[in-house]
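For clarity, chains are labelled A, B and C in written order, and residue numbers in each chain start from 1.
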Amino acid sequence: MAAKTNPGRFFEDYAVGQVIDHAVPRTVQTGERALYHMLYPARHALYSSDLFAQACGLPASPLDDMIAFHVVFGKTVPDISLNAVANLGYAEGRWLSPVWPGDTLRSVSEVIGVKENSNGKTGVVWVRTKGVNQHGAVVLEYVRWVMVRKRDAASDAPETVVPELSQVIPAEQLVIPKGLDFTAYDFTLAGEPHRWGDYEVGEQIDHVDGVTVEEAEHMMATRLWQNTAKVHFDTTARPDGSRLIYGGHVISMARALSFNGLANAQMVVGLNGGAHANPCLAGDTVRAWSEVLDKAETGAPGVGALRLRLVATKGGAPFSLKGADGKYLPDVLLDLDYWALVPL
Amino acid sequence: MAAKTNPGRFFEDYAVGQVIDHAVPRTVQTGERALYHMLYPARHALYSSDLFAQACGLPASPLDDMIAFHVVFGKTVPDISLNAVANLGYAEGRWLSPVWPGDTLRSVSEVIGVKENSNGKTGVVWVRTKGVNQHGAVVLEYVRWVMVRKRDAASDAPETVVPELSQVIPAEQLVIPKGLDFTAYDFTLAGEPHRWGDYEVGEQIDHVDGVTVEEAEHMMATRLWQNTAKVHFDTTARPDGSRLIYGGHVISMARALSFNGLANAQMVVGLNGGAHANPCLAGDTVRAWSEVLDKAETGAPGVGALRLRLVATKGGAPFSLKGADGKYLPDVLLDLDYWALVPL
Amino acid sequence: MAAKTNPGRFFEDYAVGQVIDHAVPRTVQTGERALYHMLYPARHALYSSDLFAQACGLPASPLDDMIAFHVVFGKTVPDISLNAVANLGYAEGRWLSPVWPGDTLRSVSEVIGVKENSNGKTGVVWVRTKGVNQHGAVVLEYVRWVMVRKRDAASDAPETVVPELSQVIPAEQLVIPKGLDFTAYDFTLAGEPHRWGDYEVGEQIDHVDGVTVEEAEHMMATRLWQNTAKVHFDTTARPDGSRLIYGGHVISMARALSFNGLANAQMVVGLNGGAHANPCLAGDTVRAWSEVLDKAETGAPGVGALRLRLVATKGGAPFSLKGADGKYLPDVLLDLDYWALVPL
């Protein structure tokens, strides 16, 4: 009679080439959309209105791209990050197909790198995760790497494999949702007049608004994505009695706040990288600023792409990111690098 | 390269006759109905059960009338009340058509009055707002007036225009939802036996129950309606570090509490006026009482109308409203004057 | 002109044989499913994925069995437990048909027992409650008994009737949902490999995870089921200023936590008994453990049944339940005895 509960995987349990089918598929519906609007100040029109989405060539309003991300990510937690010490980074993230109400998503990860740390107690594991819908289509893929505890410090180190990852997804590899057409885009209903051509590389935007976060909110958000990491829910799981806010909660909050200045950065199609710079706790007031890192055209009618840095903070002046030592300032929560689609 | 964030409009930016198309249309679904039941102790049967609504002649259960109000109102905030000092009043509010799951709503406002205050720093703006669905039908209209800051105290005052507004919507101007028929109304399933004829003008009802409100709840409610006013979310936005609760949250809470004694006041069809008498903060325990102000018949089968005063409080004895000085008592949060439809 | 608010029923108002049609029918939808996932760490695959449910022979994913329970229970509160001193027990609970999105539920109770207490101030009332859907089918039935205040200590005691109730529902009386077939059950997607045959009578499982509960969460959950008992919402309703958490919130939390070790205990079909051992308050960290009490086969293909004890705690070591005095230990919140369906 074996123990029935899941102890999570340790560093020794991962090997390059291993494929992990994550559990608990999830059918998402319009209820999840309503909840997203309740949990975040999300106002991008394409995810709020079926009519607006239809005027952009889509059959209806898809679920927010971050709902897709959170659902796919959440399923990986019991297999990838239950014993993780830290979530180290993201790369090569692409949204390949919108997620519609009624879709059923599951997640699959392949281990693409392992590297034991010199302390012999932990190692880094790289996985490429795919979110798959009921038709077998991949809706989202991304790489993330985490630091994981070894079960036994005495066990042998595996052969080091560090995957080569793109720093930035080339614009021509971005996948534009089928049918998307911004030529009849309604800037009034979208909320701002700024077109792709109005943004310049290097431009910085202070999104101005702030939201003070509460324990009940971040726990509900994290649970909604079936993310079960103890540190988000259990005040007895950390020595200081605090609950660590799921990094994805900060991503969604910052992305929603970025509406004010980037209302037309409608769809997220690429995740070039990201760092959770400092922990976020209840009581923090989250603000955001953005920087335009690059611009690209796409083949789709009226559709341009902006590469954006999205920074979430819990204080400090906008546009400050790192100290003289090259480290993130203590008030910086998130530094995300993504591609969004914007009307030309 | 212009600043991209929305600074909001100042008093000088409004002129009588101006029409403002508000941004971010919204498709509402059954998810919003579930959330409404989660956020408020809402139990009016017609908004809870498709079968009950069908037995009253409707095709299905509509979304709560206050969902319609909040969604339409929320869209106006970035254009009307971002720099508002105070929300001064409501008048001539009418629900013209039920909102159904799947409907997409947008809001349009016309400026119908402006009046600079004698201090030269602020002015009052009156707008008539309409909520419009995907068929172009107006589902709701109301007038509200707000006090707004001037951008520049030195700018000239506009010609004063104060609109003439009805104190009360005459009963014959109320719009009864198409098909509504209360002749087969099931009082047992509705929860109370009291008919229209059982209520007398002047009668006062203490709704007895109280709800202590939490930060997480009011922020989630307010966000759900895409209302972005900073004071509701950001503890750094007010000198005392508190978050002001959206007045509409108090309206919905009081209306839901009024079930206990007014379970058969099913549909809200008119808003004669309203005042947010004092601010509501987290930790307050909200209670409600009502007074029957008037009664009217309608042409619809089995359908009568009650004009009701709905008062929300955070303490004090029921039925006390104003002091000897004619001002609202400090424990009064809301004084609302509305028309509801009740079975004869 | 009678008082319009509901004072609730007192002990004298119940008589054996009396049938009470409870108010406020409710149409449940996929929004309620999304909310359940937000409020509880619910991960049983059959209630998360339409595809998974279809692979188990069902037409789609039903709503969680506890949603059915809470909705049916909530409707009884204004008639049964508004003046209740204590919720004393449950028995003979059976889920007779899954609840699907779009179903409309109402509740009916029959009084099956009354017994005045020797103090002359209170009495015990037994009711058998049925949840009925729009087709008139009973989806759920259970017996509960509560201690209720007398209106007048001087009133005569009724003839004592104590119903004979089964300690345990015999396995052959459990109703297996039509079409259920676990022969093609996907253990990987379900999250754990343990089959019916892997569990032994007497086996105990520590579900490991803990969730610290917040005021906003339990109030939203309780409201969602239209449960209006004051003690859950109003800090002025109890002398200590605390809000008592609805016992059903603890049931759902513990059941969801039991996924870790009982991921394949998919469907709840019987409730043999249950006790809310101690009050749960915001700030408590809820944990759970289970014990296998019995095992049974069912006629359905690939489907076995486990009788499980589910214990929720707010501290203490797992597997400790009662003290030397036979009373529940102070950290025990819930002791539930139920039947679940598990793949063979």
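Quick note on the criterion: a residue touches a chain if its C-beta (ideal position, glycine included) is under 8 Å from a C-beta of that chain, and two chains touch if they have at least 3 such contacts.
Since this is a predicted model, take the numbers as computed values, not measurements.
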When chain A is superposed on chain C by its C-alpha atoms, the rotation angle in degrees, nearest 5: 120
Same or different contact residues where chain C meets its copy chain B, judged by the half mark: different
Geometric centre distance via CA averages, chain C-chain B, whole Å: 36
Chain B residues counted as touching two or more neighbouring chains: 29-32, 34-35, 214-217
Residues on chain A engaged by chain B in the complex (per definition of touch): 29-35, 37-43, 45, 48-52, 61, 188-192, 194, 198, 200, 203, 205-212, 214-217, 260-263, 285
Chain A residues touching chain C - in the complex, by the definition given at the top: 1-2, 4-6, 21, 23-27, 29-32, 34-35, 78, 102, 104, 106, 134, 214-217, 219-221, 223-224, 226, 228, 230, 233-237, 243
